[in-house]
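Pasting the structures in now, so scroll down.
Okay, so chain A shows up in both of these, paired with chain B first and chain C after.
Coming up: the complex of A and B.
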C-alpha cells in the first residue's frame, strides 16, 4: 500500500516536473517572440490609438481628448481620396507586375537554365535587396535624373541620338517607384519560388514527359500547380508590405513631384511630421493602415485557404 | 582678399583659443551654454561670432573679477533642408526640454518658438543694454518681434533680386543700352513681371541657354517676392493672422504657370539640385535669370569663378528688383534676416550677453563681408572693409521697397503649402486657380486657427 502511494507521489512529482519544464520550455521558446511582438507591435498600436484621440501637435502637449482627428480623416481631408487611389494603383501594379508575376518568371527562367547561370542571374537580381536602401535610391536617382549625365539620358543620347534629356521623375514618377520597389520585391518571390520549384519531385516531370506533355503543359500542370501555396503566401505578404511602402519612395521622389507619388504611408509621414507637426492626426491616419492591414491579412488567409497549408499532414511521409 | 577658415577649423581654433586664453578659469564656476548651429558656407561666422562673443564676455568677466566664466558647446548639424527643416527639428528639441541656449534661425520662425514660451523675452534686456543693441538698425528689430515684444537679435539681412546674365542677353541680340538699363527700367515700372519673362523667353529662343528663369528648388523666401508683387502680404494687420486671398494667389501662380508653358522655367525646377541650379546660372551660362539673394555672390558665385570686383562682376552679370505685375507699378524685393534666439533657460541673460558681444560691429562685419550679407549696425557702414564690399552697398538700395515675410508662428507651415502648390503648378498637376484653392484647403486643414480667408 505504502509502495503504491509512494509511486503515486513520485508519478505526481514527475508530472509536476514535466509541467514545469513544459512551461519553462514554452517561456524559452515563445518568450522572445512574445516580447518582441508585444513591444514592437502591440504596444505601438496601443500608443498610436491613444495618441490618435488627442491633439498632440508641434509643441508635444496634449490639451484635450478628442475625436476630431477621425472627423477630419472622414470628412475634412481633401487629399485623402487621391492618396488612397494612388496607393491602390501602386500596390496593385507593383504586386501584379513585379512581386508575383516577374518573380515567378525569374524563378522559372533561372531554374530552367543550367544551374551555374541560374545562380548567377539570381545573385544579380538579389543585389538591389542586399544594397543599403540609401545606396539603392542614389543609384536610381543617378540613373534617371533629368540632367544629361544620367544613365538613361546617356543611353538615349549615345545610342539613339536623342538631343533632349528626359526627366523620368517628372514624366513618370509613379512608374519610377513601381519599378524601384518592384525590382526588390521580385527577388523575394524569386527566392521562395525557386526553392519551391526545386522541391517538386523530379519523377513528376519524367512521368509527364512520358505521357507526352510539352514544356508549357509541364510548366502549367506540374510546376505552377505546385506553386499555389508559395504564391499565395507571397501575395499576402507583399500586399501588406507594399501598403506600408515608405523608404524608397521617400528617398527617390519624396512623395512628389507635388503629390504624384504620395502613397498612404508617405502621406502619414507628411501629415504627422510636416511643418505643422500634426502627430495626433498622423496617428489617426496610421490607425487606418493598421486595421485594413489586419483585416486584409485575415481575409486573404481565408480566401486563399492558407490555413490548410499549415495543417498537419494527413499521411506521414517516411 | 579675405581667406576664410573652413568652419570645423574655425570652431576648433576658437575652442582651443578659449581653452588656453583664460588661465585660472578652472578655479571659477563654468557656465555651460549650448549653441545650436548648422554647417553652412553661407554663414560660418554665425556660430563663429558667438564663440568669439563668449571670449569677449569672458575677458570682461575677468576684468570685472566675476566668479564665473562662460563655455560654449557647439552642436553643429549638417544642412538638411535649410532653415525650415532646422526650425521643425529645433521645435521638437525645445518641446522635450532639449532646446539650446543660443541658436540662429530665419526670422519668420521666431514666433513659433516664442509662442510656446521657449524663448527669453529680450525686450527689456535689449533696452537695458544699449552698449550691445542700440546701434542696430531700427527697421531690423521688426523682424524679431512677436506681439510687439522682441524675441531675437538681428544677425544679418540681405536683399532678394533677379540676377541676369548679360552675355546671354548680348548673344540673343539685345543692345548694350537695353542690357544696362534693364534694372532702371524695372525700377521705373516699365518692365513688368510678364515683360521680364518675355525677355527671358527671347533669350532662350535666340541663344544657347536652356533655361530662362530659375528659382530656388526648395521651400524658402525668394518666390514669395512674386506673391508680394501680386498683392499677397500674407498678414492681416487687423487680426494679426495669416491672410489668404485666393484671387491674388492665383495671379501669382499664373505667372509661374505661364513661365513653364512658355519654356521660360523648366517644369522640374522644384526637383533640381541646388548645386545644379547655381552651376547653370553662375558657371555654365545656361540660365538667363536666377531669382535669389545678394549673399549668393560671396557664398556661391565667387567659388564658381565669378569675378569678385564690381567691374568684373557687372561685365558678366546684373541684377534687378522683382518687377511690378503691371506697368507703372512698384518693384519689389524681399529681405530675409537671420536672427539669434536665446532659450528661456536658467542662464538666459548670460546667453543674451554672449549674443550682445557676438553682435559687435567688427564681428558682424567679418560675417557680412565674407558672405555678402548686409550688416546690422550703423557703425558697420563706416568700416572700410564694409565700404569696399560693393555688393552690400548696392543691395542696400533694394531695401527701400523690400518686404519681410510675416513673423507668425504658422507662416513656415503656410510657406510649405505655398511651395507644394508651386510644385503642382510647375509640374502641370495644378492650374493656377487650382493651386490657389489648394493653398486655401490645405491651410484650412493644417493651420485652421491661424488663417483669415478673403
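Coming up: the complex of A and C.
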C-alpha cells in the first residue's frame, strides 16, 4: 500500500517536472522571438498610430490631438495618387519579372546543370545580397552614371562605337530601380525554390516520363505543381518587402529625377524627414503601409502552412 | 503486347559496371520475375526496359526492333514503382488519367477508361481522394491502375508488394496474377522475395551481382538449381550446403563419408534441403540444439559431424526435443552436387549413404 502511494507521488513529481520543463523550453525557444516582435513591431506600431493623431513636427512639440493628417492623406495630398501608381508599377514589375519569374528560372536552370556549376552560379547570384547596400548601390551608380567613364557607356563606346554617353538614371529611372532591386530579390526565390526542387522525389520524374510526359509537361505537372506553395509564399513575402523597400532607391536615385522613382516608402521618408519635417503626417502615411503589411503577413502565415516549408524535427522534444 | 529481348546488354554507372552482360528473351504475354538479393541490379534492369536508364552497350529489342534510343514516353510501358510514385497534388482520378493526357484521348474516353481501370483494381470509390488520403494497399492499386490504363505493351512492377502487410501481400499476389492472366500483358516483376516470384511468375530470372544465374520455371529453380547461389537463394528454409572433396565415388564432408555418383571428382559442394532430411534410427548422428515451430512444420537445427544442419519435420509427427541425440538420413534422389570452383551444378551427381559393409 505504502509502495503504491509512493509510486503515485513519484509519478506526479515526474509529471510536474515535465510540465516545468515544457514551460521552460517554451520560454527559451519563444522568448527571444517574442521580445523582438514586441520591441520592433508591436511597440513601433503603437507609437506610430499614436503619433499619427498628433501634429508632431520638427519642433518636437505636440499641441493638439487631431485627425487632420488622415484628412490630408485622403483628400488634400495631390502627390499621393502618382506615388501610389508608381508604387504599384514598381512592386508589380519587380515582383513578376525578377522576384518570382527570374528566381524560378534561376532555380530551374541551376538545378538542371551539373551540381558544382549550379552551386557556382547560385553563389554568384547571392553576391549582391551579401554585399552592404551602400556598396551595391555605388556599384550600380558606377555602372550606369551619365559620364563616359561608366560601365554602360564604356561598353557602348568600345563595343558599339557609340560616341554619345547616355544617362540611364535620367532616361529610365524606374527600370533602374526595378533592376537593382530585382537582382537581389531574385536570389531569395532562387534559394527557396532550389531546395524545393531538390526535395521532389526523383521517381515522380521517372513516372511522368513513362506516362508519356515530355520535358515541358514534366516541368509543368511535376516541378511547378510542387512549387505552388513555395511560390505563393515568395510572392507574398516579396510583395511585403518591396512595399517597404527604399534603401537602394534612396541611394541610387534618391526618389528622382523629379519624382520619377518616388514610391510610397520613399514618399513617407520625404514627407516625414524631408525639408517639411511633418513627422505626424509621415506616421499617418506609414499606418497605411502597416495595414496591408499585417494582412499579408497573416495571409502568409496561413498560406505557408509552416509545416510544408519546414522540416519536421527528427527528435520529438517535450 | 510485346516480346522483349536483351542482347548483350551492359550497364555502367560511371566506371562501375552494374550489369556486365545480359542476354534474355521474354515471350509475348509472359509473366517473368527478376529475383535476386538487394543491390543485384534488378531495378536497373527494369529501368532500362522503361527507358529511364540507357544501356551502356548492347541491344534492347521490343518485338524485334531496337529501342535503345526510344524515349521512355514513346515505349508504351506501364510501370509501378516500389514507392508507387503517385503524383501527390493530383486526385486518384487525375493520377490514373495522367498517361492518357499525352495520347490525345478525347475527354469522354478518358473518363470511361479511368473508371474502367479503377474498377479493375477496385478503387472505384476513391477517385476523388488524394494519394495522402489512401492506405498503402490502395496507393498500390492506384499505381497499378495508372500503369494499366494506357493498355501498355509491357507492364513493369518494381517490388510492388514490399510495402504491404503480410495478409494484403498474399491477396494482391493472387489479384495481380489473375489480372495479368486476364489482360495477357507481358509483365516483368522485380522482387527479392522468392515466394512472390515462385507464386506469380511463369518464369524466374535469378540474378546475382548483375549476372543471370539461372532462367527457369519455379520448379526448375527449386529442383535443378544451376548454381550454388540459386540453390541457397531459392527455398525456405534455406538449403544445407557442405564443402567436401570427392574421389573414387566417395565424398568426405566434415566427419562423414558419403557415396557420390555421377563422376564427381575433386572439391565439391553438396546441397541437401531441410525438407529432404529425416530423423532415423541409423544414419548420421545428430544432436538437436534448436527448434523453431513454423506452423505446419518444425525446423530443427542439429549439431552433426557435417556441421550445423537444418532439418524440417511435420509438426504432427514431431519427435525431437532440444538436447536429444538421434540420427538422420536424407533423400538421395533430391541431393544436389556443385563443382567447387565454378559453383555449377553437376547434373547427374547424387550423394547417398555408404551401404554398411561396403
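Convention: the second predicted complex is superposed on the first by the 275 of 318 C-alpha atoms of A that agree within 3 Å, B and C clash if a C-alpha of one lies under 4 Å from a C-alpha of the other, contacts with A are read in each partner's own complex, and residues count from 1 in each chain.
Simple rule for what comes next: contacts are C-beta pairs under 8 Å (C-beta built on N, C-alpha and C of every residue); 3 or more make two chains touch, one makes a residue touch a chain.
Computed from a prediction, not measured in an experiment: that's the story for all the values here.
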* Taking chain A as the common reference for superposition, should the pair chain B and chain C be classed as clashing or as fitting? -> fit
* So, A:58: does it touch chain B (first), chain C (second), both, or neither? -> first
* Asked: After lining up the shared chain so the two structures overlap, which partner does A:32 touch, if you call chain B first and chain C second: first, second, both or neither?
  -> neither
* With the two structures laid over each other on chain A, which partner does A:260 touch: chain B (first), chain C (second), both, or neither? -> first
* Asked: Touching A:201 in the superposition: chain B (first), chain C (second), both, neither?
  -> second
* **Greater chain A contact set [chain C / chain B]** => B
* Return first, second, both or neither, reflecting whether A:210 touches chain B, chain C, both chains, or no partner chain. => second
* To do: Using the superposition on chain A described above, determine whether A:228 touches chain B (first), chain C (second), both, or neither.
  => second
* To do: With both complexes overlaid on chain A, what's the closest CA-to-CA approach of chain B to chain C, in Å?
  => 51
* Structure fact -> Check: chain A residues flagged as touching chain B and also chain C none
* **Parts of chain A lying in touch with chain B, wherever the complex brings them together** => 58-61, 72, 76-79, 146-147, 167, 169-170, 256-260, 273-278
* Structure fact -> Per the touch rule, the chain B residues reaching chain A in their complex are 84, 88, 91-92, 95-96, 112, 116, 267-268, 270-272, 276, 410, 412-413, 415-416, 420, 423-424, 427, 429-430, 441-442, 445-447
* To do: Spell out the part of chain A that touches chain C in their complex, as residue ranges.
  => 201, 203-204, 206-214, 217, 221-222, 225-226, 228
* Using the touch rule from the top, collect the residues of chain C that touch chain A in their complex. => 47, 50-52, 71-73, 75, 77-79, 81, 83, 85, 87-90, 98-99, 101-103, 146, 150
